[in-house]
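In the two complexes below, chain A is the common chain; its partner is chain B in one and chain C in the other.
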Partner chain A sequence: MKTETIHEITPKIQDSSFFTEVRKIAERTNFMDCMQCGVCSGSCPARFAMDFSPMQIIKMIQLGLKNIVLSSSTIWICAQCQTCLTRCPREVNIPLLMSSLKNIAIRENIPCKIELKPKFHKTFSEIIKKYGRMHEPELKIKLIKKTSPQDVFHNATLALRLLRKGKIKLLPPKTDQIPDILVLFETASKEEQK
Partner chain B sequence: MSKEVRIGVYICHCGGNISDTVDIAKVKEAVKNFKAVKIAETYEYMCSNPGQQMIEDDITKHKLNRVVVASCSPRMHLDTFRRVLRRADLNPYFLEMTNIREQCSWVHDSKEKATEKAISLIRGAVERAYYLEPLIPSTMPVKKDVLVIGGGIAGINASIELADKGYKVYLVERSPSIGGHMAQLSKTFPTFDCSACILTPKMVYTSQHPNIKIIDMAEPIAVKGSPGNYKVSIKVRPRFVDKGKCISCGVCADKCPVKKPSKYEEGLKEEKAIYLPFQQAIPNAYVIDKEHCLYFTKGVCKICQRFCKGNAINFDQKEEIIELHVGAIIACTGYDQIDPSPFGQYSFALHPDIITNLQFERLMLQGLHRPSNGKPPQKVAFILCVGSRCSENSTKGVEYCCKIGCMNAIKHSLLLQKAFPEAEPWIFYTDIRAHGKGYEEFYAKARDHNVRFIRGRAAEVVPNGDGLLVKAEDTLLGMQIEEPFDLVVLSPAIIPSAGTQELAQMLGVDLGHDAFFLERHHKLRPVDSKREGIYLTGCALGPKDVRETTSESMACASKVATFVGQGEISVSPEIAYVNIDKCNKCGNCIKACPVSAIESIPQGVEINSISCVGCGVCVPSCPEKAIDLRHCNDAQLTAQIHGICEDSGTSPRIIAFLENKAAYGSMDLAGQSRLSYPDNIRIIGVPSTGRVSSRHLLHAFASGADGIIFIEGDDSAFKDNQLREHVIQLKKELGAYGIESLRLVSTTTTLPQCDKVIDLFTTFNERISKIGRLLEEKRAKIRKALEND
Partner chain C sequence: MKFAYYPGCAVHSSAPEYGLSCKAISSILGIELIEIPKWNCCSSIDAVYANQPLTSIGLAARNLSLAENTKMDIIVLCGACLLTLSRANKMLHEDSELKEKVNMLLTNAGLNYNGSIKVRHYLDVLTNDVGFSKVSEHVKVPLKGLKVAPYYGCLLTRPPGVTNFDDPEHPKSMDKLIEALGGQSIKYEEKCCGASLVLTDELVMMEMTKRSLLSAKNAGADCIIAACPLCQFNLDAKQSDIQSHYDIKIDLPVLYFTQLIGIAFGLSPKELGLDKNCVSPKRLLKQFQNA
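After this line comes the complex of A and B, so read on.
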């Protein structure tokens, strides 16, 4: 929270579109009920990799700190394991909140501190749209192309080992129900726009 | 009516508050022609001395026998003008007030419309005044004895206070000994007073007091009667030991072959099937646990009887029912803790070293040790708010704060350090709440003594080899921590003790949203229940600490002493009465009464004049019209409705029935705040909206109304769900005459929520304008039906 002061925050609370947008989400996530007890953050198995704890993200949304929230790594690191939701005494739906924030970040083109993360999500869904299932080698290759080629060697040896154990396959899986899956994607994006 | 009705109408200018918006002269002219009006006067300030004198003189001069005052809200000056009537030797209930300030001049801008509305309101009042009856408040003697339910610190204190004042007290306790939860505590915060040292002398004093009779192992099973005269049946379970003969030598327990976990020791120790609850128990006598005793389970043994020197054991003791006749009842049934097991992350009951704070109290007194291996604990985690401060919809936890967890954990930390100076207490807290006298200092002392405070609700407790691992986020550092501990102490949420709901039903009092007893008023009547003569105190009202419980129980004793000490109570005459000849004994009214004031008698039903709160909900429930409500009887209410609807003209007319306290008060507030609402809405104050029957609505529709609004106060005896049912029933009945159900709305309000009511007024007015006025043929049909009725 290096740049924004409370004077910058206040007008944003009043009229920021971000705040009203998140408010809409709030109806489903109860995030205004958060009392900052920290159970979510203490329970989070991915907390070590996050720059802000889930609890801090909620506090920042309450204050309308849009840029910090949307550019944080937390929203991308969240693994949707639901432990926080299970333990939250106020039943704040943090996993849903995190995925909603991810969507806003993509829509608004806000760069993430961990460059790979948004790319990963995008590529992941592209592959699903293509084959109807995950094809790990392609995912990895695409991500390597898009980031640094430095770890190509490391990945290649790992891929060989996985291949030998039959954990991954060279050819993509086949499904004849791709149209159905595309309908799923379409419905989900419509839901999101609501 | 043998005597001619002579009505005087007095219209107040209120120094311009009314006269600036209402054309008083025009109103006076119009009012003069109303039925039975002999004189109409106006004055600058009716409530001033000259104004009052004018009414007083006129009553004698013009032989008036009814007075209508059109001025401010009756909530303001009803008593003032009733005193005027009393001074003029006229029954004060011959006064009718109508509110042309808060409900007219302050909320409407158009002078023409406001004047029109003032005239119509006064017409309603005059019509009603015509049917007023003289009423005299009655009195009832009050029984002086008091029943106290629950023998914890609250019950003990209240009993002693009352007994010392000279009242006879019956102290009923469910368990074999009085003392309650406080008897289980080691020390008390923040002074470290030994709990037993301050409690047991009081227990002994209670048992020896000539005015107190302790009835142990007993609970009430039925409550009948009325305030000042309650008849309570108490069920006493057998102890199987004669209290008079038992000398607590303990030989019986030595010989008894059956062991069971001790309730007093919170399951951390075992005791025999014949046991003394604890060393200082009052009454100090052994008791046989029927569930475990071999004689009762298998029909053998009786070894205790053989060894008892005093011949105190009696297996033939039977359950008894005692009848008590008391004037007042105090319910102080205390609290329980929730079971932490559903919160899986804390692994409670999966490891012996994860305990509750009440178990920790017992461990302190047993000599502090780890239940798993008996060794002294070195590192102890205190986890606060287990199940407290959850969301409203939580199925596992409760919404409120347990209020004692923080201070209790600090006390335990300091006691732990006293026992083992090397020990490391850690407190995982959400917020430290140190609200009481000396509490903040206590917190500071703990910080000074190196108690580690982690601001963060513990995430999970994992059994890890010999020890336990606690994971949490230190929210102040923004870091996750994971620490090994020897002992984990949970602070479970506090809930009302088992059976509170049944007791509330028996006593006819309410429970709040949190399932604790509900006080009459949060601020001003904190120990009164909604029912006269029944008082509440201690943790049965909500979580609190010993000091607060003590002061509350003393306050309660004082209120009870005032109540039973007055010897007799004056009863408002504005209550329901039965015409016994018409009663067909259907019992509908008994079911309808929200305060259990109606009882069935051989001839029919009887309304208890003390219990009756005058809400009138029973009146519409009677199919034979055998019940009516004094001061708001059918004739009076119908006349007022006619008076107000008569001049409806061309615009749709809406009648709003407002419950007389909170709902009416909220519209007074709207007036004081100079808010505004459509002027075609006319308000009639009623004791409760449940008093208004379909007949009244038909009368209203027949004489010009187009829409009806019901607004009930939130603290009224007539509850939300009853209102909903009532309205559904009314809509059904109105439907038979072709009246659309959209023409009737209802809501509940608190006094400050006048915005909500005004919103409803405005939207409902728009709705009625859209639907249009009720067709004249429908009105004619209703009129015909009413005539034939």
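After this line comes the complex of A and C, so read on.
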């Protein structure tokens, strides 16, 4: 298990507006109610791959440690399994909080330790905007590390395996519902920027 | 009983056997599935949310509204669709300001959502509406001696208060189903498969999925059954990669629960899409094929 240590919390690394910013977009997650019991972190099946535990992330939001929170691997590694929320005695919606933190990190272009993650979310949204439904091969192709021949080869063998089983639809979904999906995306983006 | 059927994107692409087997057993069980016309992606938990939160709720609500027009509850097959649609449904119920905003997004498409429908998983309907005694009435080939590991997946029963059909910590519906089919459900340690990490952090996903596969294998399972196309993909299609990465042998077929029901109902492998599972279930089939 990786554990990072913050040696010193100085006003220099604290951003007092961060708590307010998170509160504004994630109030419904009840993250203010966290009492640091650690049940979430003990239960998390992906904790081994995170640099900070979910409990530490919440504490750091409260302390205003914006950069550490938003550049942590934790917010991207969370697999949204809902175990923490199921067990939290204060009903803190940690998975939704992680999603909101990702949203801030994407908007503010914070460098991400897991290079493919922001791209995953961006490409996913673009595909839905285009077809209304997912087109799996298109998403996968955009997420192949083209600089790594090993990754290209590895994905090619997976693709062959799936093609043989009839599990890859080469053509994208029919697009007869595009107009209203596109309008939904555009109207919502305008509303979100308000 | 009639439902507004929401297959979800995976059933239309990487999980055709789930849709096939579901339709095949539904006609036997008297569950009428009427596909929601022009449904769209549910927005997949936070795949869209992380970019555009309001858009993602709008996408989910569009499906809710289309189903509401048909005056039927939604039936879904995928755990991620289940959580995304029911969570949006709950948010819209609880937050009238959000509902107003989202309805504004839908107006352009001539839609509106009042909040009158429920989102149900197929297993929920099987458990609570059809009932397992009715399921067992249709069993032609009891799965005697078959040890099955039920893989509930994370999102079928969690979090509490959202999907609400089985115990979030100790679900039992699949165990009861396995028994109703004449098989034996086994206890093992089930953990999250890593879901979409398969696309972005493969090593983390393989470590997560490996735990459940090995646990089921060591508990003596003959196969696993899944109720979500994302879980099934990681457990089945990625199983050979996991084997070679860790240099271990697992060789555990992963069926959809609907396929297992179909086998016990005596349906043909073709009707159940059993040729589409990556880890071949041929050995199991030999044991239980009607012919």
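In the analysis below, the second predicted complex is superposed on the first by the 154 of 194 C-alpha atoms of A that agree within 3 Å, B and C clash if a C-alpha of one lies under 4 Å from a C-alpha of the other, contacts with A are read in each partner's own complex, and residues count from 1 in each chain.
The rule is short, and it goes like this: contacts are C-beta pairs under 8 Å (C-beta built on N, C-alpha and C of every residue); 3 or more make two chains touch, one makes a residue touch a chain.
Note that the structure is a prediction, hence the values are computed from the model and not measured.
Can A:48 be said to touch chain B (first), chain C (second), both, or neither?
After superposition on chain A, A:48 lies in contact with both partners, chain B and chain C.
Once chain A of both complexes is superposed, is A:106 in touch with chain B (first), chain C (second), both, or neither?
second
After lining up the shared chain so the two structures overlap, which partner does A:184 touch, if you call chain B first and chain C second: first, second, both or neither?
second
On the superposed three-chain arrangement, identify whether chain B or chain C touches more chain A residues.
Looking at chain A, the partner in contact with more of its residues is C.
Taking the superposition on A as described, I'd like to know which of chain B and chain C A:25 touches: first, second, both or neither.
second
For A:33 in the superposed arrangement: first (chain B), second (chain C), both or neither?
first
Tell me which partner A:128 touches in the superposition: chain B (first), chain C (second), both or neither.
In the superposition, A:128 contacts chain C only.
Quick check for you: in the superposed arrangement, does A:140 touch first (chain B), second (chain C), both or neither?
second
Return the residues of chain A at which the contacts from chain B and from chain C coincide.
Residues 48, 87, which sit in both footprints.
State the interface residues of chain A toward chain C in the complex, per the touch definition above.
It comes out as residues 25, 28, 45-46, 48-49, 76-77, 79-83, 85-87, 93, 95-96, 98-100, 102-103, 106, 114, 116-117, 120-122, 124-125, 128, 132-136, 139-140, 143, 154, 158, 161-162, 165-169, 173, 176-177, 180-181, 183-185, 187-189, 191-192.
Can you name the residues of chain A that touch chain B in the complex?
These residues of chain A touch chain B: 30, 33, 35-44, 47-48, 52-53, 55-56, 87, 89-91.
Spell out the part of chain C that touches chain A in their complex, as residue ranges.
Interface residues on chain C, with respect to chain A: 9-10, 12-16, 38, 40-41, 43-55, 58-59, 62, 83, 91, 95, 101, 104-106, 108-109, 154-155, 158-160, 168-169, 191-192, 194-197, 199-201, 204, 207-208, 211, 237-238, 240-241, 275-278.
Which positions of chain B touch chain A when the two form their complex?
345, 385, 389-391, 393-394, 397, 430-431, 455-460, 471-475, 478, 480-481
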